[in-house]
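This report concerns only the one structure given below.
All chains are identified by letter, namely A, B, C, D, E, F, G and H, in their written order; residue positions are counted from 1 within each chain.
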Amino acid sequence: MTPKVSIIMGSTSDLPIMEKAAKILNEFEIPFEMNALSAHRTPDEVADFATNADKRGIEVIIAGAGMAAHLPGVIAASTSLPVIGVPISASLQGMDALLAIVQMPPAIPVATVGIDAGQNAGLLAVQMLAVGNKELKTKLLTYKADLKTKIVKANEELKHIKYNFKTN
Amino acid sequence: MTPKVSIIMGSTSDLPIMEKAAKILNEFEIPFEMNALSAHRTPDEVADFATNADKRGIEVIIAGAGMAAHLPGVIAASTSLPVIGVPISASLQGMDALLAIVQMPPAIPVATVGIDAGQNAGLLAVQMLAVGNKELKTKLLTYKADLKTKIVKANEELKHIKYNFKTN
Amino acid sequence: MTPKVSIIMGSTSDLPIMEKAAKILNEFEIPFEMNALSAHRTPDEVADFATNADKRGIEVIIAGAGMAAHLPGVIAASTSLPVIGVPISASLQGMDALLAIVQMPPAIPVATVGIDAGQNAGLLAVQMLAVGNKELKTKLLTYKADLKTKIVKANEELKHIKYNFKTN
Amino acid sequence: MTPKVSIIMGSTSDLPIMEKAAKILNEFEIPFEMNALSAHRTPDEVADFATNADKRGIEVIIAGAGMAAHLPGVIAASTSLPVIGVPISASLQGMDALLAIVQMPPAIPVATVGIDAGQNAGLLAVQMLAVGNKELKTKLLTYKADLKTKIVKANEELKHIKYNFKTN
Amino acid sequence: MTPKVSIIMGSTSDLPIMEKAAKILNEFEIPFEMNALSAHRTPDEVADFATNADKRGIEVIIAGAGMAAHLPGVIAASTSLPVIGVPISASLQGMDALLAIVQMPPAIPVATVGIDAGQNAGLLAVQMLAVGNKELKTKLLTYKADLKTKIVKANEELKHIKYNFKTN
Amino acid sequence: MTPKVSIIMGSTSDLPIMEKAAKILNEFEIPFEMNALSAHRTPDEVADFATNADKRGIEVIIAGAGMAAHLPGVIAASTSLPVIGVPISASLQGMDALLAIVQMPPAIPVATVGIDAGQNAGLLAVQMLAVGNKELKTKLLTYKADLKTKIVKANEELKHIKYNFKTN
Amino acid sequence: MTPKVSIIMGSTSDLPIMEKAAKILNEFEIPFEMNALSAHRTPDEVADFATNADKRGIEVIIAGAGMAAHLPGVIAASTSLPVIGVPISASLQGMDALLAIVQMPPAIPVATVGIDAGQNAGLLAVQMLAVGNKELKTKLLTYKADLKTKIVKANEELKHIKYNFKTN
Amino acid sequence: MTPKVSIIMGSTSDLPIMEKAAKILNEFEIPFEMNALSAHRTPDEVADFATNADKRGIEVIIAGAGMAAHLPGVIAASTSLPVIGVPISASLQGMDALLAIVQMPPAIPVATVGIDAGQNAGLLAVQMLAVGNKELKTKLLTYKADLKTKIVKANEELKHIKYNFKTN
């Protein structure tokens, strides 16, 4: 099946974070691909990838990188597809990566999610694909409802903990 | 015409930044609406807006706020539409707003752009609407080409400046 | 007994911090309740809670959250009760949560305590309840006196350590 | 009339910020006093003030200071009344004052509001006084409703601005 | 022997850092005392200590504290003796303590050393005592010479390591 | 008269800050000298200065510098006299200078004052010179008393301002 | 004359900073070129430039950019020539640009100078060209000597200022 | 063989970082030396080293230091050779060292690499030595090609991981 989302990471060491995006896409049954491409070590491959992603049927790109994280911005420079950037906390708790991804100059946006927020990157990609797609929107609403159920249940448990305190 | 993008700002003082998003949408001839709704002063209106935006035909939401900027996240909590967050530099150079918008918990992403980056918020909205929309994609490519032309021209001017230095 | 203080946390993972507030309330024999409600995953429940807390007899709300911590501010938006915010150090050492809680816009204050300072949140709640309550004020003075006794005792021990140095 | 709230500032240069708290208290017809006392230049006066505030009928203290802002914490050390701290942006955009006020050690809380947030300090004091005071609670609800009216009106104006864009 | 230096710490948990100052004073055979006094839990004791230190023969005070570290500044407020402040890294890597100690308002200086720099606090105290004291100055010069000898020796060892690299 | 304090600045552009130290020394009638010496542009002169300051009768050195502020530390490396460092806010609001001055390695302390705190540097020098000097100590106590008088007077004025509010 | 140094800036708005590098190169009579090329708006031109700079006789590249400053790193990715990066303070006082330039991943260094430090970028380029070039090294030593002369002269003037203080 | 690069570190505890530079130089068969010299503990040795490095045939200096990292700047002050600075993360995650190294004043550049980036310091030294050296440039291009091969291979592996997800 032609992938609709391409997950790119600057280094295979970013896999534990970027896998979370992949898991979300799997959950929503959205075909995707996952590659390691470095803005600094394989610049031509990154340019080729970005220039051709649209033609290959990719609709959304997720790019994660740490430190002076250029990958999402460099990809955004060569495509008109929306690019989701994931700052990886490889140094300075991820503040360097966050600023290097989010502070893009006018005209070349990167849709930045939180530090190490691979899961949210995956969900944001689903939300983008759901633009004009009723079926996917329905799935997203179900997903939200499930989240609520979980926390409501957690709440129930807390009420029991509370009474333990009271009797202290 | 039914608006496809809704631009929300926490305060009318954010208008100079959020107008830039509106200008981009105008340029791409995308119908939009613009409202001031505060997560803190009009919470019920925000919840109503977020819950019903989808049904009203809105496809993408752009929300800008400063300081402890809760507006984008609060809207994201009550909709499955993609929410673009614009941190406004009302204090601490916008670092507070950036962190309060981008560091969302798992499952509720906000697509964050740079501090005061209203223009990029508008473009990101266009990119999202262009998912599966060839015509809009073509317009985006033209927009990119125009940007390149401008900077190439600026380059030409720099070459003349350079010779002024040389003769010094 | 009707709870006078409501302790809310964004996630059950915040329990180890928020329990400290509960312990203080127990110590002062103030009835309380403890719930997990997420500004992002259960927004309607949060709004309901905040809107009705006053009618249910709650006098003070303590809300803890990490990252883009919206919970205290979102609750404050829908109640006139004082809301105490506890920034949780789930990321960036809690700086994101601190700014997302304390930098509230004009008219919607959140009484913010230090990062992970569950104990101080509990004490601040007691101080608020002691407004116009002589008995509770007396208890607070006793609590302060006990603290002093402890540190004076610690001082005694230090004096002995000192002489160990001297003989080196 | 005996003041119920005492507004203390580290220096008269903090007056423009701290006046905002006074204006709120005036609006709610709460008797207050306003003094300049420095934790560093008049330490004995600060200690006397803090030790005796309770006996003089003060119920809530608001203390504002900039830089290494010790005033709120030093007052909190010698009273059991709730102390609201206002970080003043005299240097480093107020980050030094914020941390010096909010990061109090266990057992001595300071209810910290945002940087230069004199108005919110005043409102928080009103909320504390409203604990167990129905009349004041009603006034606070009216105040909130007025805020909402203002922003809803601002929203109306934005709708007109929007159409100006459209015709461009 | 009457102590000339008083080492004060906000909490006994600061002992591992403050002991380093004590060790330096021992090394230079300067009589000292060591106490735990909290600006927040034992404010009267701190004021008494600071007001009377001079009369008791103390010449220099070293005060260490973490978080919203008020202790050095509060002591400086009630004495004309030089106060050396040691920021302790109890939270935020010590940045809160550093700013809360060093950013003192005009007229009340605190001589701040680095984060957790107990040893340097001790040495700075010795340097202050050496003002107008030839013997102590000579000891300080010897101390500096010893440091140099150590690092020159370390250098010799590095030269051997280097050749190991070369043969790789 | 032989200067007892030497005020060094990295650049003459630091004069407005460093003059404040000079004014304090004048006020206390302490002979001083003032020089511009750069750790980076005149390193040999700095080394000569630091090595010989003691022999020339200097008792305390005040050194101010901005950006990567090496001057205080470089001087401290070549003298056993106490060195007071003044971080100048030439960039990054002075945070770079503060860290470059205060975070000295073990064994080479710099007594750091606040950002741009020339006045406090002067007072700290006076406090150091007052070690074992009764007359200077008395002058310092008078100085402190005068400060208190000023703020007490400011307080009086505030009381009148307060009543203006009341009648509003 | 074939340029040996290429000065690239992300936007013509960076010219006031980057001109300072050009002025230094003029002073040392080193042929250079100056261009505006954007990593984000003209990515292909940047790649072409970087790939071919070496063949065109360029020996050192200076690249300045602000915000999420990718230009220096992107150029470094496609050349083996040394790349000097100049962080421009377009936002967040240049901290974003500094981190986005200096925190390069292993194997792709960028020689970073201070925020807005165009002059130092020029000098560093001269130092690199002086590797193995005696004549240029001599010029650099003369340049350093001139700097020293200037500051020594400034010192003379300060001595006069000092006496003005004394007579106050 | 006469060393062309001198690697200096402020303390032998910096060896694990600085060794990475040495390994790169070994890989490129560039003769080097490695020394521990402290700007603060052995200032005269540092000055001697910096003043004479050029005469001894050194072409590039690499200097690493942590905290208030003065070593690279102090060396740069006394030589015209290019100095590469390596900020070591001994405290505050290396932010103090980064700012203390990179924010050099006009006229004395330090070529700063990332925090703990010993390997990049080594490569930057090789790039500087390759100015006007074809053979070394060829080696650098081979090095870059090898890096690309490695990441392309890593990419292949990722493709297999991807299919594991798909079948989940």
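Throughout what follows, contacts are C-beta pairs under 8 Å (C-beta built on N, C-alpha and C of every residue); 3 or more make two chains touch, one makes a residue touch a chain.
It should be emphasised that the depicted structure is a prediction, and the values quoted were computed from it without experimental measurement.
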Both-way neighbours, i.e. chains that touch chain H and touch chain D: E, F
Distance-maximising chain from chain D - centres being C-alpha averages: H
Equivalent of C-E within the choices E-F, A-G or B-G, defined by over half of its residue contact pairs recurring: B-G
Pair sharing more residue contacts (C-beta pairs) when A-G is set against B-D: A-G
Averaged-CA centre spacing for the pair chain G and chain C, given as whole angstrom: 51
Between chain D and chain F, centroid-to-centroid distance (C-alpha), Å: 34
Chain A and chain B: spacing of chain centres that average the CA atoms, whole Å: 18
Residues within chain E bordering two or more other chains: 11, 38, 41, 67-68, 91-93, 95, 102-104, 107-108, 114-115, 144, 147
Every chain pair in contact, whichever chains are involved: A-B, A-C, A-G, A-H, B-C, B-D, B-G, C-D, C-E, D-E, D-F, E-F, E-H, F-G, F-H, G-H
In the complex with chain F, residue positions of chain E that touch it: 54, 59-60, 80-82, 84, 98, 102-104, 106-115, 117, 119-121, 123-124, 127-133, 137, 140-141, 143-144, 147
Chain F residues within the chain H interface of the complex: 10-11, 38-41, 43-44, 47, 66-70, 73-74, 76-78, 91-92, 95-96, 99-105, 107-108, 110
In the complex with chain D, residue positions of chain B that touch it: 9, 11-12, 15, 19, 22-23, 26, 32-38, 41-42, 45, 67-68, 91-93
Parts of chain E lying in touch with chain H, wherever the complex brings them together: 93-95, 114-115, 144, 147-148, 150-152, 154-155, 157-159, 161-162, 165-166, 168
